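In the two complexes below, chain A is the common chain; its partner is chain B in one and chain C in the other.
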Partner chain A sequence: MPDLGLEVLWKGKNFVRLLGGLWVALRISLIAAGISIVLGILLGVAASRKRSVSSAILRIWLGVIHIMPQMVLLFLMYFGTTRAFGWNLSGEVAAVIVFSLWGSAEMADLVRGAVTSIPAAQRESAEALGLKPTQVYRWIILPQAVRRLIPQSINLITRMIKTTSLVTLIGVVEILKVAQQIIEANRKASPNAAFGVYLTIFVMYYLACRPLSLAAKKLEKRWG
Partner chain B sequence: MDWAYIESVLPLYGKAAWLTLRTGAAGILLATLVGLLCAAALYWKVPVLRRITAAYVELSRNTPLLVQLFFIYYGLPKIGVKTDPEACGIIGLAFLGGGYMTEAFRSGVEAVDRIQEESALSLGLTRFRTFLHVILPQAAAVSSPAFMANVIFLMKETSVFSAVSLMDLMFTAKDQIGLYYRTTESLFLLVSAYLLILLPFSLLGTFWERRLRHAGFGT
Partner chain C sequence: MAETVLSISHLTKRFGDQAILEDLSLEVREGEVVVIVGSSGCGKSTFLRCINALEDIQGGEIRLRGELIQSDRKNLPELRQKIGMVFQSYELFPHLTVLDNILLAPVRTQKRSRQDAREEALALLDRVGLKEKADSWPRQLSGGQKQRVAIVRALIMHPEILLFDEVTAALDPEMVREVLEVIVNLAEQGKTMIIVTHEMPFARAVADRIILLDDQRILEESDPETFFTDPKTDQAKKFLQTFEFSRKTKQRLKSPKGEFP
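Then we have the complex of A and B:
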């Protein structure tokens, strides 16, 4: 049995520190996911309206965010805007802004898909019954769209959690950074710590994301 | 914007873009292979393999690529499995992408009526030939939007390769910012390079999806 470097986890507060790092990552993703879902619903409803200038502009904007890797968006925010506007952004704030922008673009796309997937007859019948446009949305379109949206939103949260691991690359001290510190500090005592610690992180991310994706799958099956 | 500087570093970015394209293409190709094999294992309900495949898909889809790369690049050498950065990037991408590709192909394969398989088998085709010539071509139509989305997703994911010291576009841009404070120019080049790489894929995906929808496949 080779030395797997797992013993380092039980030294001092190492395990608790790792959990703390995970919490930093989760906090960023949950805040960003919350903002994304609210903003995304508004943007998505706006983008689903056909033939208006605002929806065309919106779609281009969403497309740009869509096509860029999240890492590039992070760089643009963290290095670019700080340089261009001269303000000071902490890595964590930059991450929340970027992931909210990215997440709301994704969410808007999901909302647009869900809203446009509802047969036109639904809207037409509602209008024929004399409902106003806002009433059509409130009572006819949204309740049906929501069923499709809930599993997809849960999936978006999972993706958000996974994407948040990137923030270590702009210097936020989250779980991967803590891991590096622990490995460095125990270089002499347990040279194989890298294996055990990174394996632990792998498992932690899995445990954080798996219940969510399982729930999404179940809901999708029930309402699909 | 200093155009003379941009011109002087263009070869650097060209090299980095080539690395991104090369590793991305290799990783996606491998991921497609893994996905096909796993989808076949699930379709045939191969006893033990089916469980392993299902577990692998969950594992790869529920962990970030960055964590997978760190584990492969820094963790595995401690138990004697060493990889160079480029191989590590490709393997990581194949590991992550394999899970996504499996899901894409599985949904396609499941959409094909079982009677297709039964008829082909009764005509004397082997199970392998049935899968290859009868099931897959029909599944392809259903799978291709998800497949194309995965290709774009995986191409974007290559942007974390710099974390395992691959000198890709992110690495080059960060390096230039750190060395010369050329923030504006570096970010401009970074965004342009990624647009040049990703836009064709995105347009191709949209075009392809429209064709399929026209033919009445997919959603």
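Then we have the complex of A and C:
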């Protein structure tokens, strides 16, 4: 049996430190996901009206987000704003901002797509019953749109969780950074630590994302 | 003479440059059943949709008991509560159960108590033979059942007038009757209705007045017996002929090469 370097995990507080790093990554992505869902729904509903100002804003915003690697956005937000505007953002705040910008744009696009995919006749039959426009959204359009949204928005959140591995580059000590520190510190004692530690991270990411996709499957089934 | 419920005067509707309805006027009195017939694309459905402002109009006015129906008016939702509409494709809300489909509007817009509305909903469902389907989902129902639920959903609002837009056109033949019987029943109860349909025997049975829409206007207007036995205009005769079959028409449809033209 090859030495997988797993024994490093039980040295000192290494395992707890890794869990702490995972928590940082999850905290960033979950806060950003929360902001993205709220902003995304608001902007997405507004942008679902054709040729509206909000749909133009969303198109430009999406265009920028789509062509920019997340890493460039992170550097821009963390290093760029310090020089240009004198903002002294912590790495974590900068990360939350970037992830929210990214998430809101994608979420808004998903919401816009889901809202416009609801047949016009559904809106009309609700209007014909005497519902006001806000009531039509609240009781007819949004409930149906949300059901169509669930799979893709869960996918977005898991992509966010995965992408937090980049924030180590702007100095946030998240799971990957902790891993590097552990491997570095144990270079002599356990040279194979890299495999064991990264394997552990793999399992941790899996365990963090798996419940989300299970929940999504369950919801899809219930609303089928 | 009964009071006028709906009065439409000089209604004009265009889609871009294309005129759909020109200078069309119609009065519907309380308890009256008006059936609108006409060939496909003559504007029958558009006409119905104008009545509850699902379509903008380019001229004329529509009044429900004297109140102007206009798409940019604040009181439009309240007026629409008094106009029940049933669509060809049912348009039940797929995310709500049968009962919740029916209760949504009375509870949310008329602020009726759920308990009270629920009792009425169950009574109405019972009348159309669907009491045991109250907790079903729309996707579990047949087309005819969906349409009967849609009728109940309109009825529970106690509308002044009911609009039926080709409500059996999407149904399998064996389900048409169960829906039409419900409508005939409503006519017997004295409900005011405008019905667009292609079912001629039904039209003849249910109508107090039949209107033939053609060429953007009302071409012929008469009681059903006269309309079916003694149509005045050539267009009406031609329209009625499209529902008759004989060996002769079959021959006429055949082109020389034995194909349909």
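Rule of thumb we're sticking to: the second predicted complex is superposed on the first by the 212 of 224 C-alpha atoms of A that agree within 3 Å, B and C clash if a C-alpha of one lies under 4 Å from a C-alpha of the other, contacts with A are read in each partner's own complex, and residues count from 1 in each chain.
Basically, a residue touches a chain if its C-beta (ideal position, glycine included) is under 8 Å from a C-beta of that chain, and two chains touch if they have at least 3 such contacts.
The structure displayed is predicted, hence computed values, not measured ones.
> Looking at the overlay, does A:144 come into contact with chain B only (first), chain C only (second), both, or neither?
second
> Please name the chain, chain B or chain C, that touches the greater number of residues in chain A.
Higher number of touched chain A residues: B.
> After superposition on the shared chain, which partner residues are touched by A:199: those of chain B (first), chain C (second), both, or neither?
first
> Which holds for A:223: it touches chain B only (first), chain C only (second), both, or neither?
Second partner only, chain C.
> Just checking: does A:125 make contact with chain B only, chain C only, both, or neither of them? Give me first, second, both or neither.
second
> Of the partners chain B and chain C, which touch A:29 in the superposed model: first, second, both, neither?
So A:29 meets neither chain B nor chain C here.
> Between chain B (first) and chain C (second), which, if any, makes contact with A:76: first, second, both or neither?
first
> Is A:48 touching the first partner chain B, the second partner chain C, both, or neither of them?
A:48: touches no partner chain.
> In the overlay, answer first, second, both or neither for which of chain B and chain C A:67 touches.
After superposition on chain A, A:67 lies in contact with chain B alone.
> Where on chain A is chain B touching in the complex?
Per the stated touch rule, the residues are 2-5, 63, 66-72, 75-76, 79-80, 83-84, 117, 158, 162-166, 168-169, 176, 179, 183, 191-192, 194-199, 201-202, 205-206, 209-210, 213.
> In the complex formed with chain C, which residues of chain A make contact?
Residue positions touching the partner: 121-122, 124-132, 135, 139-140, 143-144, 147, 223.
> Quick check: in the complex, which residue numbers of chain B touch chain A?
58-59, 61-68, 70-71, 74-80, 152, 156-160, 162-163, 170, 173-174, 177, 183-184, 186-187, 190-191, 194-195, 198-199, 202, 219
> Given the complex with chain A, which residues does chain C contribute to the contact?
52, 54, 77-85, 87, 89, 91, 93-95, 104-105, 108-110, 153-154, 157
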